[in-house]
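The next block holds one structure in the form of structure tokens; read it before the comments.
Think of it as A, B and C in the order they're written, each chain with its own count starting at 1.
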């Protein structure tokens, strides 16, 4: 791939400051990629702690109270709606990510706003569900894992939402032309590329959260 | 400007005997062999009989043997490493004005491979030996959970009498901060004293009423965690009469340090007469009717016949009656 | 957490000239913490008064936990941690403050949320020394109580409080004792980078440690916690409010460890200078890299366990209450799934520091570089598969014990690599007995004893007697104190001239080393015997016949404490009063951190260096210098695309 960040023409030698800036620009772009994958690792281990608790308590069934007597499951409808909202949000974002790659910033901004809206709706609905559960948190093993897991999950969704919001805010200051053709200055190029690397890192995390939402929906509502 | 020190070229080797480099490997090997042999012989013949936890029971004897074998395995390794470093410090120390560098040796495949193979063999030996010593003596005195895979041979019947060769079952109940011992084969009688017959396979069932404790009969080489609602089985056979310590080995609250008692290993006949007399006394007090023979939980709402007014045995116990409040969680 | 994964930087900003008290710093942080605590406490009472109680302990923990939570947030807000985040939410890119923060004169920058990795390193250094000495004082208290076989100085509750504070302080804080100061300071320099990948996460990682420190100590105000550093359930649910401080502080440190490791990995992968191939990476960086993976992957599990324990105590979930469908085994599993990698989080940095020191003072290349790197990675990988050896007698999965015995013993093979490398490096070397080298030698001695006793512990039958006894305690003090702390001390003597431009006094340093080495062994070697003679951990009462040994240990431990005072005296006098300057490269070391000027410039290097050779090429007259610190224009840009992806 031809490197777009060094502006010096053939035969010209870039200045030292330019070279350093280009080097660390490339490092930062790569670090966003690495960081997103690493964040998925860390998140997997914290969610994994809950999945482990789920399977452990379910198989141990202490005092016969994995579900307990007089057990009421959480509302299947609410749970499914929340899960579908999260999936829809990730789907929308996946779609509009292709738009911005094609240079259409405004389409992404609209789609990003919808992504954020759907995500927040899921979080809000989840909070409502937690506040009106038909069981006490400690009434069984299931109820513990359920009430313990979702606050953690929605916190990570909210954190990712803040990230998306900051991307939306930053995109306002990048001219749409910069996404279509190479901007004239280094600073502009770096700005666009870093925005894009951050965006694709976000997209990875957001899709991952949707996947987790689906997996835990299967655990809590289906199996 | 470039930077980074390039060391001065290596000086010629330090003058050894007759200007030749001494044969370090040979010297090291001889010293290592002599020292290791001495250490191992002393360990095996002098130290082994004094190694903990003694030889009061089969599990204790087994552990003593394991310690000795591991020590015999470990000493040559320790001696090899320490001897090497000591030798290096003496042989290859730089003089006060020596500014030179050592030879640029980046590695030595043969040495590395030998090292890796040797350590791997030692590790595999330790693993094979440990597994054998765990499985053959039926868990080696450690807690094996509710369904032990490695059982102690012998039959179990609902009563126990000396000379029958039956296993003696003892339920060990931990609570903050006392031990209670229950003998299901004696009508479920319980005692704060642990009496065990010698020459008899013993099956401990360790459980807890509140938090995690750990039953450690030090001289018997028995250790099993007491988890609430869990039956943790451990086996041993005592082969010496005498007293042994029973301590709690898992931090269980403020009086953890004081949660100890002593047990007695006595002859089977004496054990039978002790157990029968305790059983008779508890039957007279009405305790045996109220207690289950064997249970993992002692919920007063389940055993409704038992209130707080149970006759206490030896002043303190009665696992079911001795709740400290409020150990029973409120059901939401 | 994932919010800050965006390393965009705008134009460099210049340093602020406002006086300290008019900018955000520790003072505003403290104000925020106090306000946050009261707000949280009030909110907790408001939400939960009357109906939410912890049924096992009969206490209402919601106000306290919310108080801790909001105090932490208030502390970070007051420090200004979130300022850049708020800015970016308004569309401003992150300001590039790293160089400006590092260039600031005076001590003020050390008491502020600053982004330069060297400032963060110094903050960590002094923080860690403080935490270590605090934990050490608790140890002195424990040994004082153990002078006699029954309780005499402290009551049983107080004794357990001291035991718990000592263990927790050491275990949670010392996980950062090398990665914090030396990793943050030298990691980027050693890979030839001017900066780190995520400076805000790195600095946040440090600023969580004082919060965790204060919160953990605040447990004393509530009577402490009775569980020791493991926090076993259901004792922890039954305990009074002091328990909250344990779980909250440990959870905070889990976050801090995750962030520090996260930044380290991203930096090492992406910010290596051109020519810094994986095969030229200094061994210290390898150890930091491998430790960071352990931190990023295992600390979240601890965070989960602490969170579950706190919800058990506040929202009344029942994760760990057997009667209600929970399981106390679950906690043991989750805790040790973190807890065993944690042990190697504590051991691996020591290997790294020692490898650096040994090569320099033997004046020889590191023997078997690849073996050493493989050892680091192998220990890291295997450490995720051994955790159940802490539970051999617990009755969990008893039939799996041979497997865990095998994995535990297997880990001694990669650990043995470290010895192979050390011993190979000593072969025909030109050994200089500087103070760092003395500490390195002591490290090999102590860690050998710790490691061999570990083989005894991994053997299930032998473990029956050793488990939970003083034998275990001696074992892990030999690996952590004898290994990690000795390496840390060696690192201080080795690197302080670079970090502060000041050399510690040599004579006092030698006195410190010898007293520490002798009394360390005299304190902890008898503990093996005590454990084998039947003394369990965390007890204040023991058999009368063990008193002589216990008294010996206590007196030795006081001497060890005095040795620490000698060290403290040396640090204080050398840095504040004697100020013996040391500049340049006193050890003629090759590695990159010694090639930059002292004090290290804010951006480390004038420009990106091009790495030409391994840092260990001692004794080879033809070896090229380790790096070209001022490569001609054009070299970096032709090399960086491949180098930054590790392909060079």
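We adopt the following convention: a residue touches a chain if its C-beta (ideal position, glycine included) is under 8 Å from a C-beta of that chain, and two chains touch if they have at least 3 such contacts.
Since this is a predicted model, take the numbers as computed values, not measurements.
Centrality annotation: C (chain centre taken as mean Cα position, compared with the mean over all protein Cα atoms). Which two chains touch most often is answered by the contact tally, and the pair is B-C.
Averaged C-alpha coordinates give centres for subunit A and subunit B that are 48 Å from one another. Inter-chain spacing, taken between the CA centroids of subunit A and subunit C, is 30 Å.
In terms of their C-alpha centroids, the spacing between subunit B and subunit C amounts to 30 Å. Residue positions of subunit C touching 2 or more other chains, listed in rising order: 316, 318, 321-324, 329.
Multi-chain contact residues of subunit B (touching two or more other chains) are listed as 229, 297, 329, 331-332. Listed for subunit A are residues 62-63, 136-139, each touching two or more other chains. Against subunit B, the residues of subunit C that register as touching in their complex are 55-56, 58, 151, 156-157, 159-160, 226-228, 230, 232-235, 238, 316, 318, 321-324, 328-329, 362-371, 391-399, 401-402, 405-406, 409-410, 412-413, 416-417, 419-420, 423-424, 426-433, 441, 444-445, 448-449, 452, 455-456, 458-465, 467-469, 532-534, 536-543, 585, 588-590, 595, 612-613, 617-621, 623-630.
Interface residues of subunit C facing subunit A in the complex, by the touch rule stated above, are 1-3, 5-9, 11, 85, 88-93, 193-195, 197-198, 258, 262, 265-267, 269-271, 274, 296-301, 303-305, 307-308, 311-312, 315-319, 321-327, 329-330, 333-334, 337, 607-608, 633-634, 636-637, 640-641, 644-645. Looking at the complex, you find that subunit A touches subunit C at residues 3, 6, 13-16, 19-20, 22-24, 26-32, 34-36, 38-39, 41-43, 45-46, 48-50, 52-53, 56-57, 60-63, 65-68, 136-145, 147-148, 152, 156, 159-160, 162-163, 165-167, 169-170, 172-173, 187, 191, 194-195, 197-198, 201-202, 205.
Against subunit C, the residues of subunit B that register as touching in their complex are 1-10, 13, 24, 51-53, 59, 62-63, 66-67, 70, 74, 77-78, 81-82, 84-85, 88-89, 92-94, 98, 100-108, 111-112, 115-116, 119-120, 123, 126-127, 129-131, 133-135, 137, 139-146, 148-149, 206, 210-212, 214, 216, 218-219, 221-225, 227-233, 245, 247-258, 260, 297, 299, 326-332.
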